[in-house]
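Report on one structure; see the data block that follows.
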């Protein structure tokens, strides 16, 4: 177990775009070492929420506190420095770089080598590089990409690209992990494996995970608590079971023959 | 793959190449040495531009401006005040270093603009630098000497002065070209290795990330703005050094030289050689700066060329045709450039193992 | 490895020879621009010089040697120009043509320092003077401009206290001319209204408007033919009543075929270091005939005269050097320094004894005219204005 | 059953040295729905690319075999000709024109359409009632839509063309259960109107429910094929593609965790 | 005062010529996202054809021929060169156009030689003078032409499927192909159109007050760069506005250079770029260009 991950507190967060309110005063709390699922219909505001948490969007109002820090208003890279890592719903892997280098990029915040050190190939730089490549392989093995390390990420099939993104986020040694539809585009078997990876992360690293996913099976398996959004508003919040039986949720999101 | 042979072959090739390059001044005459010097200077500049455009995806058409800063910076810092010209009369080696730094500063000053703009917009915006540069070069007479430019004080390092005064080395008279050759060689090697280190290491990955997906790069903890500025400064310093070298080879700075055409040639270099790779920049630079000179020199030997005035294709024109055709052909038939960037090679070799 | 420094050695007929000279041939370099911005000038000059060489060789060459031109076209690219010089300088005696004064300036150090070969630039900027090896032929732009202003005063009614418009190129040509204009204005009590332009500006409307606003009574144009044509055209159109005169590089006969033609013939003059190609001196007539024969398709312009003059001056120097039995570079330089009254047959006499001064301060004033060959007729014969006399060139 | 609309005979394809498809044969009967299942990297997308002839865009190529539609061979055609022949594909990963407005994306979809203005207007109305959000956001740039909205746009765009055969590469990707349902309904509906559908779908449950026939690809080869219901019954398919019912899912999820090599904490710095 | 008005008017009139050139850049950019450095040589080609033909077949026919010729050259470039490039990087393609430009320009300047060719336009050097402010007829024609053409393209892009196909092809060629867009035909068309536009621009660039077409005419085309960028590389309206802005800036900077000496003389060419940079600082995608997306 590592040092307790800090608490994530989202308080009446509002995000507006020209003529459209993507998030309307939502709030939830993620307890350390738990998996918190955010679900809701398409366009409900889940990714927007992630974009605010990771500093891609500016919040119109409201606050996001992570441990002592106020995240709203921080630039993306500062938030990353605080140990917030995420995956992207539409893949954001470099087309040319190998999987290994893509993962090494995840180590950026943990490494120090600057232009001069790298340029002169100082021993410190070499050592750092070696140490972190070691860890990268460890993580690749953990998610099951060890054989793909040398391939250009762009040529992996869709499902494995999703895994690569997950691995890259893990490489940031995050305290808070934001996963946007990690199992989209996978077969049932692969979903189970990926779910296992996520569970493994929570259990062995004890970090907080916020999960956006449309596959209720996975959500039910992994989530300790669930927040449901609809049109940017929070319509339900609680344990998976309670949420799943909430009529509003069924109406807005699951549809009659619910969890299959 | 027969690894041991491979492992032996590469260093062998490298040493052979190095020895050859070191020996050249004893055999080539000045024209060739000068051509080589132009090429080496260009290579340094091209490496810099490739860091910026090839690896970080910031299209720059203002490279010539930073070359000018380097070249003129050196003249002003090392030259002495004569007549209308002002000069600081610093020791030339110090002047060279400061000139490079100066170019870096210039790049830093522009980087706020560079930070805001993308792609073609950035490209044309940097073009503004060229015009500003030209304007200053022509009008700041006391610094630049206006249209007739400035004499370039010869470099002197460790008591050796790189001017025309000839010293005999192994019965071969060494003029400025011969002496400068080694300086340039050293500088180029240094620059290439440095750039290689940068690209293969942490900064290089961050730069590529910025090129490939700016937002993602930020989310992964890369301070995008700072990095873009940093790269801009670095590439400007490369350009500055190239400028100093060029000035030393020309022995006189002329404003006309640092125009848009020059910038475009540098772009051509990195594209022809291969975007994002150091070797590419070097090869491209050699190609682009040597080809026209060869074509001009042997122009009258070219096929279906007729003496000027007899209506046919004049030598100069013939060489232009060939140059243009070469640029097009290389890019079309070798998309990745003369030197394909490393990852492409890895892709093909590794994909054999995969299903 | 050829260090280019094979020492001078006596040879056939006890004549000392050096670089670029063998018993059979005398090699002269030509660094020209036939694909760049000065292509039209470069073409005419080079062809005229080739013509001269052909004729010289036809009647036996010089010193029993055939003269041979080695042409390199640098397309007005500094790198190519300097490389061209580096390539040729070890193998030629001197340069009968070198276009682009920035490039000449770029190699000046080497010429004065070790090469010491005679170089005749095709540029008339005072900044080129002062070297005993780089010799400008004919009046420099500043002198020429002074004489031009003098013409406007004497013959076109420009008076003390008037405003004089000056449209000039950025660079050696324009700015050297400006120096002249300022001096002349000084002397004559005029005020100069400056309009600096770049070779890429082809539309002079704004300049005309500005000068009109300033109320100029006369205009000097130190730019290219296009700019002159545009300026004159617009000036006529907007009724800017002021005589306009340009330097010798500010006109080309091709313009007469364009729309600007009539306007040019009405209200435009050209100051030139020599008489135009079309004058009826025997030499001129012969040159025209021969040139037409050799290059039927090409226009006859000042470039031809300039090229011919430069070549013949070099030839003259060679002949003198030959009689002095010294065809080395030093020999030729010395020989040239002894020529004090050379007339190439175009109305002006040249004195090369003083490297610091242009070979002549005389300026001929011409006027565009369709009917004449070369498109220009003389309106004022070669003459040196008082101001031009007193002017210290390049000072 | 009527003649086959799409006839694929031992098709092989690859990306340079990578062989992504090996001798795949597949028949899609007139006006039917056929599903293709398979795990990551099985070659499903490659199959669709091979049919639409867009492999070249990925540095790949068809190395053997034939593809025929209505008896006409498609081999050797350019992608636009394939579209003209009446095939339309919803590519993997949305691929909306991010910088164009939603409306323009739909217009782009209609570029290959054979129908007249009226037909297109009708198609547009249809798409809008299927996905109301696309009507609301007509003026918004597609790149700013949410993932699911983009997916809807991708499907809607394909519907604009009114194709004879619709190739769907994971249409329900990233869609909320309700939306996934709606897509499923749409597929049955347009199929009822005579459009044949080749469906690549990870959500095997939906796929097998919709399809009459199904093929299972694995590492570029067809390992199973037959009537959908039969496949749905085969436990191989049940295990790998349908997943299993909840309770023991939870069970073997946890067991998977237990079995799974855990990741040690990084003691860096 | 009239001087100011005159300079302003002159700026607008020369601006409309720049706008025409800029429009050429815009068309290519919309269809291929390539900055076309060969545009200058297309311009030269169009002008050349018109110039050599006008004596025999009269101006208007010659102009048509010029437009056709330049269009053909453009199409040829696309077919022989651009189409062959198997890659996605747009700055690489830009370099290809540089190579093409060198080839075309060399050939054309060789043909033009040292001549200055008249295009035989009907307007001659006549000017229209209203309240002491005079404009050349040629420039009025340019203004009208620019206005008409740009409106035409605006409508074409808005209303026809051509515009949509173009942008689709430019943004994601694979998906565009899946939508039935004929990639080859779209970019071929774009290049041909750009060529035609270049020919028109060439006309107005070489008639009075400029003496005529000659080898350095193509250099003037470079002035349209800031125009195209100012307005936004993918916006037709942008081309027009950008053209005007550049023209006016240049004209004023030249006209008042006497009062601007502290900047050094001859800032006529520089000023447009300064304005451009200033605008880009506020609007990184130009006045009317589409901004890049910030969503993941």
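Just so it is clear, A, B, C, D and E label the chains in written order, and each chain counts residues from 1 on its own.
We adopt the following convention: a residue touches a chain if its C-beta (ideal position, glycine included) is under 8 Å from a C-beta of that chain, and two chains touch if they have at least 3 such contacts.
All values reported here derive from a predicted model rather than from experimental measurement.
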Touching both chain B and chain D (chains): A, E
Steps in the shortest chain-to-chain touch route ending at chain E and beginning at chain D: 1
Centroid comparison with chain E (C-alpha atoms), farthest chain: A
A-E compared against A-D, more contacting pairs: A-D
Intercentroid distance (Cα basis), chain C paired with chain A, Å: 74
Approximate Å spacing (C-alpha centroids) for the pair chain B, chain E: 31
Chain A-chain B separation of Cα centroids, rounded to whole Å: 43
Length of the line joining the C-alpha centres of chain C and chain E, rounded to whole Å: 36
Residue list for chain B, restricted to those that touch at least two other chains: 138, 215-216, 219, 314, 317, 320, 351, 354
Where chain D touches two or more other chains, by residue: 15, 18, 41, 144
Touching two or more other chains - residues of chain C: 35, 43, 170, 298
Complex contacts: residues of chain A adjacent to chain E: 47, 51, 56, 88-90, 92
Chain A contact footprint on chain D (complex, rising order): 15, 18, 37-42, 45, 92-94, 133, 144-152, 170, 173-181, 202, 204-205, 239-244, 246, 249-250, 252-254, 256-257, 260-266, 268-269
Chain C residues touching chain E - in the complex, by the definition given at the top: 35, 37, 39-40, 43-44, 170, 193-207, 209-210, 212-214, 225-226, 229-230, 233-234, 236-238, 252, 254-255, 257-260, 263, 298-299
Residues of chain A touching chain B in the complex: 54-56, 75-77, 79-81, 85-86, 88, 92-98, 101, 104-109, 111, 113-115, 117-121, 125, 128-129, 148, 150-152, 155, 168, 172
Partner chain A, residues of chain B touching it in the complex: 193-195, 197-198, 200-206, 208-209, 212-213, 215-224, 230, 234, 341, 343-344, 346-347, 350-351, 354
